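Both of the next two complexes hold subunit A, though its partner changes from subunit B to subunit C.
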Partner chain A sequence: MADDKDVLRDVWFGRIPTCFTLNQDEVTEREAEPYYLLLPRVSYLTLVTDKVKKHFLKVMKAEDVEEMWFEYEGTPLKWHYPIGVLFDLHASNTVLPWSITVHFKNFPDRDLLHCPSSSIVEAHFMSSIKEADALKHKSQVVNDMQKKDHKQLWMGLQNDKFDQFWAMNRKLMEYSTEDGGFRYIPFRIYQTMSDRPFIQKLFRPVSPDGNVHTLGDLLKEMDPTALPNDGEPKRYQVVIHGIEPLLETPLQWLSEHLSHPDNFLHICIIPTPTD
Partner chain B sequence: MGSWKSHVRAKLQQRDQMSQLEERFEIRKQILDDVQSKSIGRSGVDVGKNTRLLQLQLRESEHLAEKLSQTVSDLTTVLYLKEAELQYWQSRVSHCRQEALTLAKGSNTLKATVSQLEFTAECQSKELAALRAEQKGLKQTLAQAWTEKEELLQRWMEEKREEAVRLNKYNAAQERWQHWAKQLKRHRHRDMAKEDIPIATSSWSGTTQTSPSVTQRINNTAVIQQGHSDHNHDSAAAKV
Partner chain C sequence: QSMSLSVTPAQTAAWRKQIFEQLSERTKREIDNFRHFEQAIEQSVWVKKGTM
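Entry: the complex of A and B
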């Protein structure tokens, strides 16, 4: 469907204007200029920041350089979350460009995973795809794929090739008409005000009596506090890919069209801005 | 199209416009920097020439923009047409999908009914087999009962035949005895008449006295016959 393919394109080509600045505590030979970049929402920080690293290494001594990591207003940014999720969770409703601080020292081991090379990102990405397919099709689709098909998914993401990625990913989005949707919806709900990283449980796209489950139904079950009460002002925003879908949106459609390339539907619940 | 879908599309486009604006701002800023650096590097005389040249380029650009705008307008019309066509096909697909869903549900219901009927048929077939086995057993018992009945009837008939023979023998013996008794009586009368011996008759009772030895013999034989007959009768009854 033409309209739905447009949605897939809009999701894939979503970009966040970002300004990278070097942490003031880093030792440099001269002042480091900030570096501007349009970050793809669906990619991962460590996959698209080679240029940033190169830019800042020009002003630093080799002995002062350790593993690079990023921070936004004191919060270390987890590279294994998609960039769009990090932005929606920590920086939505702020002025653009998104200002990220770059560090080369004092790696926060307690908060972040190490990422020495892009193969780690690849492993994480493929593992997420497999987990999602286990929920959607009992792993039948991903197991039927060949090694080169897995590579095609990864290369599509790495090289930002929409058609290459979707030529293979559409297989992961198929389901029989009889079932009316996936077995379970792969989703993760992130909350800024919670200590746990995210909520992930089993949830079917259709109720036992045949009714289609919506985003509202999911939140009612997983995090009822995120839903507005009658007559009260909205306390939380439910954000997916930088937008607030209506709560009556069918979950199956959201999973097919607004999932990240890792095949998970990442949902951010953030407090409504007061101003 | 559902309102939720239009909402998502509109919001996504709105979201991306911000990024596009940023991008355009960056490009324009870069061009402005380039133009400024070039202007500073040249003398005042060149500025006038450059202005005319720039005006010319501007007109050319405007003309090109106009042509491009027309092309864009034409393409937009085509796009609208295509979009309408697509919407038609989309509605057809949606309709077919709905139909497929209904058919699939119907097929499921039928499958369930068939499965239930199969189960009932299996149960009934088992029940029939059990009844047949029972009928076979009963038939066998009936046949055995018939055989036993026939045997008993045969035995009873045999017994009746033997009894008849015995009765006939007894009757023949009785008849003989009565015949002899009559003969003896006649002989005695004749003898008495010959010898003129008065018959010892009780004057006051008028009863004829037969020789006690003869009477005893007749009685003994009758008792023996009677006992024999009773004995045989008993054994026949016992056999039945």
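Entry: the complex of A and C
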């Protein structure tokens, strides 16, 4: 049987084949061809789309270009969510490649954060890692790291260097055997049918009486409607990195193996397709 | 370090097996037919170039 470490590689090297098309209302000097890319699931849209921007700028006048942003079927895509989360949440069960529309005007300030440079992505990423470590280890691990160690995590993500990233990230995944896991599990639960952006609360990997908490235990407490009722068809899919782990999967294991590089376990609850 | 899980080996095998199988299916679905697509992040390779 495959090793658990293989899961880390599968998670890191997950890709979404994507077709970028220029919004038809943009002013161009000639027709813009679509642009095809394999996007890393664990990265961020504004970090990996330099080529897309360059491609479309070739057919546009500089004065018609404002900040680039992305939309899928009318929904502006939040760059500060990992790409895989955006795909699982909005486009699961659709035909690939994922079709994203590129805009250069009418930035939707109410829906999206501005992202003028990769240093904004870096700040967001590092703040998520720090928040996750506050939950897992009372910030002890991240505070013991040096500036260059923080840079190593960031550069690993930015340059798609699995070994560079994990040489440092493994420290953020440690815990003592007597604790049986992290202090709290850093997780976020996203639902398309909810107005709130996501659910994030304190939840421990082990119950006070020593039982291992599972994915099902977490959902029962945070979002019971996501769970199937006995004898009824499944209404929702619980998706992490494009797969549906069994509800019996221990949460601590999920946190160690299926967290994003930002050290959060991002869980998407989406309606089961009806066809 | 690893924790000892208070579940039976059979249960452990089921959830772990499910994850491995689904990740493999995901690769087939999302990557295998699209390997000709360009990667968003180029893996930097040192290329020795020079005119001297």
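Heads up, the rule we're going with is that the second predicted complex is superposed on the first by the 273 of 275 C-alpha atoms of A that agree within 3 Å, B and C clash if a C-alpha of one lies under 4 Å from a C-alpha of the other, contacts with A are read in each partner's own complex, and residues count from 1 in each chain.
Please note the rule applied: contacts are C-beta pairs under 8 Å (C-beta built on N, C-alpha and C of every residue); 3 or more make two chains touch, one makes a residue touch a chain.
Just so we're clear, the structure is a prediction, and the values are computed from it rather than from any experiment.
S.K.: Going by the touch definition up top, name the partner, subunit B or subunit C, that contacts more of subunit A.
M.R.: After superposition, C is the partner touching more of subunit A.
S.K.: Contact-wise, after the overlay, does A:Asp10 reach subunit B, subunit C, both or neither (first, second, both, neither)?
M.R.: both
S.K.: Give one of first, second, both or neither to describe whether A:Asn159 is in contact with subunit B, with subunit C, with both, or with none.
M.R.: second
S.K.: In the overlaid three-chain picture, which partner chain does A:Gln252 touch, first (subunit B) or second (subunit C), both, or neither?
M.R.: second
S.K.: Counting only touches as set out at the top, which of subunit B and subunit C does A:Lys234 meet: first, second, both, neither?
M.R.: Neither partner.
S.K.: In the overlaid three-chain picture, which partner chain does A:Lys201 touch, first (subunit B) or second (subunit C), both, or neither?
M.R.: In the superposed model, A:Lys201 contacts neither subunit B nor subunit C.
S.K.: Which partner does A:Pro97 contact after superposing on A: first (subunit B), second (subunit C), both, neither?
M.R.: Both subunit B and subunit C are touched by A:Pro97.
S.K.: Can you list the residues of subunit A that meet both subunit B and subunit C?
M.R.: Residues common to the subunit A contacts of subunit C and of subunit B are 1-2, 4, 6-7, 10-11, 14-17, 36, 38, 96-97, 177, 180, 241-246, 248-250, 253, 258, listed in rising order.
S.K.: Flag every residue of subunit A that touches subunit B in the complex, lowest number first.
M.R.: 1-4, 6-7, 10-11, 13-17, 36, 38, 96-97, 177-178, 180, 241-246, 248-250, 253, 257-258
S.K.: Could you list, by residue number, the parts of subunit C that touch subunit A in their complex?
M.R.: Subunit C residues touching subunit A: 1, 3, 5-7, 11, 14-20, 22-23, 25-27, 29-31, 33-34, 37-41, 43-44.
S.K.: Once bound in the complex, which stretches of subunit B touch subunit A?
M.R.: Subunit B reaches subunit A through residues 1-5, 7-9, 11-16, 18-19, 22-23, 26, 83, 86, 90, 93, 97, 100-101, 104, 108.
S.K.: Which positions of subunit A touch subunit C when the two form their complex?
M.R.: Touching subunit C from subunit A are residues 1-2, 4, 6-7, 10-11, 14-17, 36-40, 43, 48-49, 51, 96-97, 158-160, 174-177, 180-181, 210-212, 241-246, 248-250, 252-253, 258.
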